[in-house]
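Letters are used for the chains, namely A, B, C, D, E and F, taken in the order the chains are written, and counting of residues starts over at 1 for each.
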Amino acid sequence: MEFKVALDTMWVLVTAMLVFFMNLGFAMVEAGFARMKNCVNILSKNFIVFAVSSLGFLVLGWGLMFGDGNAFVGLKGLFFAGGLDNSPATGLAYQGVYSAISWTGVPLWAKFFFQLVFCGTAATIVSGVVAERIKYKSFIFFTFAMTMFIYPVIGHWIWGGGWLAQKGMFDFAGSTVVHSVGGWAALSGVLMLGPRFGKYHNGNINPIPGHNLSLATLGTFVLWFGWFGFNPGSTMAADPLAISHIAVTTNTAAAAAVMSSTIISWMLLGKPDLGMTLNGCLAGLVAINAPCAFVSVGSAILIGLIAGILVVLAVIGFDRIRIDDPVGALSVHLVNGIFGTLCIGIFAQDKITGVATGNGLLFGGGAKLLLAQLTGVVSTAAYTFIVSLLTWAVLKATLGIRVSLQEEIEGLDIGEHGNSAYPEFLGRKPGYSFLGTKNS
Amino acid sequence: MKKIEAIIRPEKLDGVRRVLESAHCAGLMISEIEGHGKQKGVVQQWRGEKYKVELLPKIKIEIIVRDQDVERIAEAIIGAAKTGEVGDGKIFIYHVENAIRIRTGERGEVAL
Amino acid sequence: MEFKVALDTMWVLVTAMLVFFMNLGFAMVEAGFARMKNCVNILSKNFIVFAVSSLGFLVLGWGLMFGDGNAFVGLKGLFFAGGLDNSPATGLAYQGVYSAISWTGVPLWAKFFFQLVFCGTAATIVSGVVAERIKYKSFIFFTFAMTMFIYPVIGHWIWGGGWLAQKGMFDFAGSTVVHSVGGWAALSGVLMLGPRFGKYHNGNINPIPGHNLSLATLGTFVLWFGWFGFNPGSTMAADPLAISHIAVTTNTAAAAAVMSSTIISWMLLGKPDLGMTLNGCLAGLVAINAPCAFVSVGSAILIGLIAGILVVLAVIGFDRIRIDDPVGALSVHLVNGIFGTLCIGIFAQDKITGVATGNGLLFGGGAKLLLAQLTGVVSTAAYTFIVSLLTWAVLKATLGIRVSLQEEIEGLDIGEHGNSAYPEFLGRKPGYSFLGTKNS
Amino acid sequence: MEFKVALDTMWVLVTAMLVFFMNLGFAMVEAGFARMKNCVNILSKNFIVFAVSSLGFLVLGWGLMFGDGNAFVGLKGLFFAGGLDNSPATGLAYQGVYSAISWTGVPLWAKFFFQLVFCGTAATIVSGVVAERIKYKSFIFFTFAMTMFIYPVIGHWIWGGGWLAQKGMFDFAGSTVVHSVGGWAALSGVLMLGPRFGKYHNGNINPIPGHNLSLATLGTFVLWFGWFGFNPGSTMAADPLAISHIAVTTNTAAAAAVMSSTIISWMLLGKPDLGMTLNGCLAGLVAINAPCAFVSVGSAILIGLIAGILVVLAVIGFDRIRIDDPVGALSVHLVNGIFGTLCIGIFAQDKITGVATGNGLLFGGGAKLLLAQLTGVVSTAAYTFIVSLLTWAVLKATLGIRVSLQEEIEGLDIGEHGNSAYPEFLGRKPGYSFLGTKNS
Amino acid sequence: MKKIEAIIRPEKLDGVRRVLESAHCAGLMISEIEGHGKQKGVVQQWRGEKYKVELLPKIKIEIIVRDQDVERIAEAIIGAAKTGEVGDGKIFIYHVENAIRIRTGERGEVAL
Amino acid sequence: MKKIEAIIRPEKLDGVRRVLESAHCAGLMISEIEGHGKQKGVVQQWRGEKYKVELLPKIKIEIIVRDQDVERIAEAIIGAAKTGEVGDGKIFIYHVENAIRIRTGERGEVAL
């Protein structure tokens, strides 16, 4: 027993560290996909977001998410993860106020740290979508809201023993809890903010190329790496069969999505666009998040292939409907977060790594599971979108959420931070990078 | 032939190019310079110390045109580049003795 | 027992993740050592290569490598790692078709994932050597060939119970299986492709400096880090004495090679060239790959020192014989892969971490081991070089393998992908970066 | 027992790898904070420093630090970690000459590797402070001195059973042993070297902006990640409660310091400076190093908040007193190394993760612990500063330590290495980057 | 004295420099510009949208020569820079009133 | 009006700007060029091969001044830019036909 606790704790901590490391991945992808003149701002947002999450989730988020309470929120041990708790005791031996997560036999702080890095991921997703025009201060405040009561409430519903868990909805590693929540929060933000200056002009869509594809590729590799913490770690126990299975479903879905996104962009756009390949990889990883422990490696290939196609169409589609997402995060996290969640309903095979999910649609389980998943998708959408929209609205009315047009043109680096990311490199000057270009 | 050398704000390049196109201006050269004039510099900071970058990014456009086109083109540029704020830039006119098109060896105004 | 399986699985997965992460290292080293105008292309190749490997090795490679069969190829359980298998059972308890790898007591998917990341490494080595002129499409097809039947066959010979294993050849972590195979495949490619335009001109060797030494250094650190997965992980079991020993031999050889390559380049070239130091580090790591578990820390110093000198001479030497390897991968992986394999025959000390290798030449074991190693080196060279050459020839005759001269001059980024890596940075223009220079 | 050794070894090796990875972090932070023209030199220094450490600590450092000896130095098993040792035996079962570290039950090479990466960290701290003017050769020699007899002696005093350990001074993960030692050695170097040309001119402080904030941010994330090896790994055993606790105190202090450094720089400087935020993060991590296992999560917040403020004031303060530290490493490692060491005396809670430290000042333990800590701080300062100063003086008198003024103006990349980091990027030319600027 | 200002293709710089050397051309200035003339731009893509970069990279070479050398040098440049395809560039000739060598203060043609 | 075109060492830019300020020079344009003259290039190395970068970074400063100011300004530049070593650079003087301030449309010397 003692060894098992030590072993499981080590697994949980090591995988949590990998997930923490994904912050670097997000920072580099988002900075690389944005313009030089906003680089410091994006780096700053992606850097501070985890600090804010660490405090927000400690102060209130954890308690709201895992505290014993009703079907909607936790009510006990709300603040500073300070409730009674005798972890690593599990099952009947457990005595404390965080019973929803007492199934894993690791110390309280290991649970907290693992859950914190997930919360941080949801928060960081928002950063990319609202990039290149949001006020730094408002983003910080939104992140507090996100990690203190937006994410934790959905978390409670699904992972904290809330009503969705009771309804039989599954989300192994967070396609909904983390990615869709991040996506909906971001979507509400982008609707409040509007597109970047110059993006849509006289009916044209002006491409605004990212300034550094080396960084973007670096970031995507780091994310892929971190995902081996995200998914296999979500067992929160070093269960050999499960974690091996999950490592391979995760990787296979990513690989399939890389291929399908590359091929589809080659076909649609004439050439294999690296940005699409990178987004494709992330799409596959997001889509396999929820089902990674419940589907076969064969199904993982299929899920990946579809995810890679979805993301390319979504990137193009969002632009068509004038939703300006500089880094493609909506297509990756929102669209594929939803798709991945539904995949359980379609591809699940009962007890494939031990968990009794029942079978999905394609494996003779009928629509029951799919419906539970759909309920999860819709209710998450409703709560997250509405509460986020309200939060943005309050911020807009008080601090303001968008920088001035002049600051946007000159770049947020000087305006918000007084820094420039590459002061010694000669660049095409602000406002010039995309203005020398015209749709063909 | 004359050379029109226009120093403009970077963000005006797109507009200027558009009017030049309408004005049937055959070709141009663009370079990135840093300028200093009446306009004040930008304050930046680095680890606690503020500093002023007094050299501001400007775009230099050079166009070689026939004598009779100088006024028309200069006016077109002024129209597109003007904001009325300090820092709008200048236009300078120079005499050009000859022009050669490398591809064909043509000389003089036909080479433009 | 149960704990041992869990512990070993965790070790195998964590080290496999580190090896996966080496993909980032390779991408950054190769991108950094190449020119700006080809940066997107290199990033794309290094990104997709692991996706292709993941599919190729799953579909056929694993079966060919580890399936029970004859001395030359696996024949059972060929496709989708789908043969019978009751892992984590080991030894006599094992029942299945992958008996060659039944010595390690971890689940099948853990074995697969660990072996996959090694296969991916062999494939990615090719990428750097053929950089800056190969067609993207042809590289993708070659990678399928590499991971489906070039690498797996050699793998079967040495790690899959084939004839070289039976002959008593040893290769602990893959100096031959991974690095030499990658090196020979790359060499055949470079011979088919020829040098980059402008590299050798009128009897001169024109240096073509890499565009970003920050990225190259970053990549080398990531590789060094990943090697702690590569070597200690190859125990495929958390054997405390062995993995500690291997961590230190690995690191020490790298350190010694860093020093010797720096000093030798300082002496030969007048100044300590950073590119040589970085290549030196990798050379030491490749050389210690095979012998890391079989030699003492003292021998590791020697091996590293020699590797660092070898790589500098090889980089200069390949240029002299007009073999154009933009990133030095032949000098690192091929030359030192061979050297490392032979080192077992020279420096091995019987059972130093438990494995009965017999002693090497310097430790009174005579030439027996060295001869077995040499057999491995030669036969690997023959098979890999010939089959790769054929594969390249087929590709050349069908899709073509080299981009047009104009595309090469303008850069593969625009030509193959329609992207540019740094659209906002002012660069010395394509075709200009090295033409403004002249040999002194 | 056997499992415990395997488990602990795995923990020690995995965390040691993370600490190794911090070398990348330091390289990127320091390169990013320096100018383009010195980039290759900084990368080279930060790359070779770990190779030198690996050899220096192997040859002599380990023996001096952990060999049985007197209160001041180790005397047995001095060279090549070659003394008698029957690790992983512990306690009374231990027979060997490295008894000071026989409390952890892992193999000798695991102990060595873990201690080596700490030694390497101390050495790398120096690199940043002396950047942009030191001769490459002299830096290499200083690093040998650092890892062979400067660091190991202090290490012996505190972790090797020396007199400070006996006096009851605590330093869990090295606020003093690693960071202060690095800081004092760097300070002595900077005093011998003087400021960079142009930094202080006619009574003005000329800011010299770093060339790449993307790299600096990347590096800081890597360091934060590596710190999860640094602190939780310092248990050198997979003790579930301790490592979970430490992971959270570490992360929380970093998060708090990010917030406080951002806010204070916003208040003092008008805008939130990214460089300050990054330094703030590192400051929090350094400050929590020593106390991470001895204080509560609540105290960690306080420690982090103070560290973040300290570092901003120190960065500004060092400039005022004309000590030119290009990367802020003195403010991070020296100032907060001292602060963190003292924090044990202030915030310690007896046995919070098992170790009997006694209580600190604020928890009713009186000034006893604080005084022991202070003794450690002062004696470390005295030894390290004096011996380092002597070493620098010897180097100055023999090889010289500073490059010529012309080389400094033209950049060390060409002068010391003959390379340039970004040969294809157009930059503001050497000597121009900061001269086009003027204090406002 | 005259200034020869040649706009050429980037890939021709090496060849042009070589002939200039043979022609004993004392000194030159090189800058990177972006040009727009008859030559069509390059199509790039970003995340699904294609765009045309209409400004093409060109190299501007400026040489100040004695009056009698203008023709010879211009011909040398044309010889080395010509491909016959659209986009080869132009040469413009200007009058220079004076030249000063900063190092010595020499003026006029000796300063070249 | 005349254009003063000064090619100087990059490290002299700061000094030159300072004297220009004292000389009440209204505005200027700065660009980064690469030059080639009597000065020898810099030797670099890449993976075992040495190569000479023969084009050296220089700064080009362009100032348009009234005729009567040419000598004064040129002398000021020489004073600040001179080291006496090969590579100090040159100053060239051109005639400017007209100047226009975009902001106001003013022409001639008042536009400077």
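In the analysis below, a residue touches a chain if its C-beta (ideal position, glycine included) is under 8 Å from a C-beta of that chain, and two chains touch if they have at least 3 such contacts.
In this text the structure is predicted, and so the values were computed from the model without any measurement.
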{"item": "Labels of chains that are neighbours to chain B and to chain E", "value": "A, F"}
{"item": "If a chain touches chain A and chain E alike, it appears here", "value": "B, C"}
{"item": "Angle, in degrees to the nearest 5, of the Cα rotation that carries chain E onto chain F", "value": "120"}
{"item": "Comparison of C-F and D-F (more C-beta pairs in contact)", "value": "C-F"}
{"item": "Chain pair equivalent in interface to A-E, over half of contacts matched, among C-F, A-B or D-F", "value": "C-F"}
{"item": "Separation of chain A from chain F, taking each centre as the mean of its C-alpha atoms, in whole Å", "value": "53"}
{"item": "Whole-Å separation of chain centres (CA-atom averages), chain C against chain E", "value": "46"}
{"item": "CA centroid of chain A to CA centroid of chain D, Å", "value": "33"}
{"item": "Multi-chain contact residues (two or more partners), chain E", "value": "17, 31-32, 34, 43-46, 50, 55, 94-95"}
{"item": "Where chain A touches two or more other chains, by residue", "value": "3, 7, 10, 14, 209-210, 212, 218, 269-271, 273, 275, 418-420, 422-423, 425-426, 428, 436"}
{"item": "Those chain pairs that satisfy the touch definition", "value": "A-B, A-C, A-D, A-E, B-D, B-E, B-F, C-D, C-E, C-F, D-F, E-F"}
{"item": "Sites on chain D touched by chain B in the complex", "value": "205-210, 265, 268-271, 273, 275-276, 279, 312, 315-316, 319, 328, 436-440"}
{"item": "Residues on chain C engaged by chain D in the complex (per definition of touch)", "value": "3-4, 7, 10-11, 14, 18, 35-36, 209-214, 217-218, 220-222, 224-225, 228, 232, 238-241, 243-245, 247-248, 251-252, 254-256, 258-259, 262, 269-275, 277-278, 281, 297-298, 301, 422, 425-428, 433"}
{"item": "For the chain E and chain A complex, residues of the former touching the latter", "value": "34, 43-55"}
{"item": "Of all residues in chain E, those that touch chain C in their complex", "value": "10-11, 13-14, 17, 32, 42-46, 50, 57, 59"}
{"item": "Residue numbers on chain F that touch chain B, as the complex places them", "value": "3, 17, 26-31, 64, 94-103, 105, 111-112"}
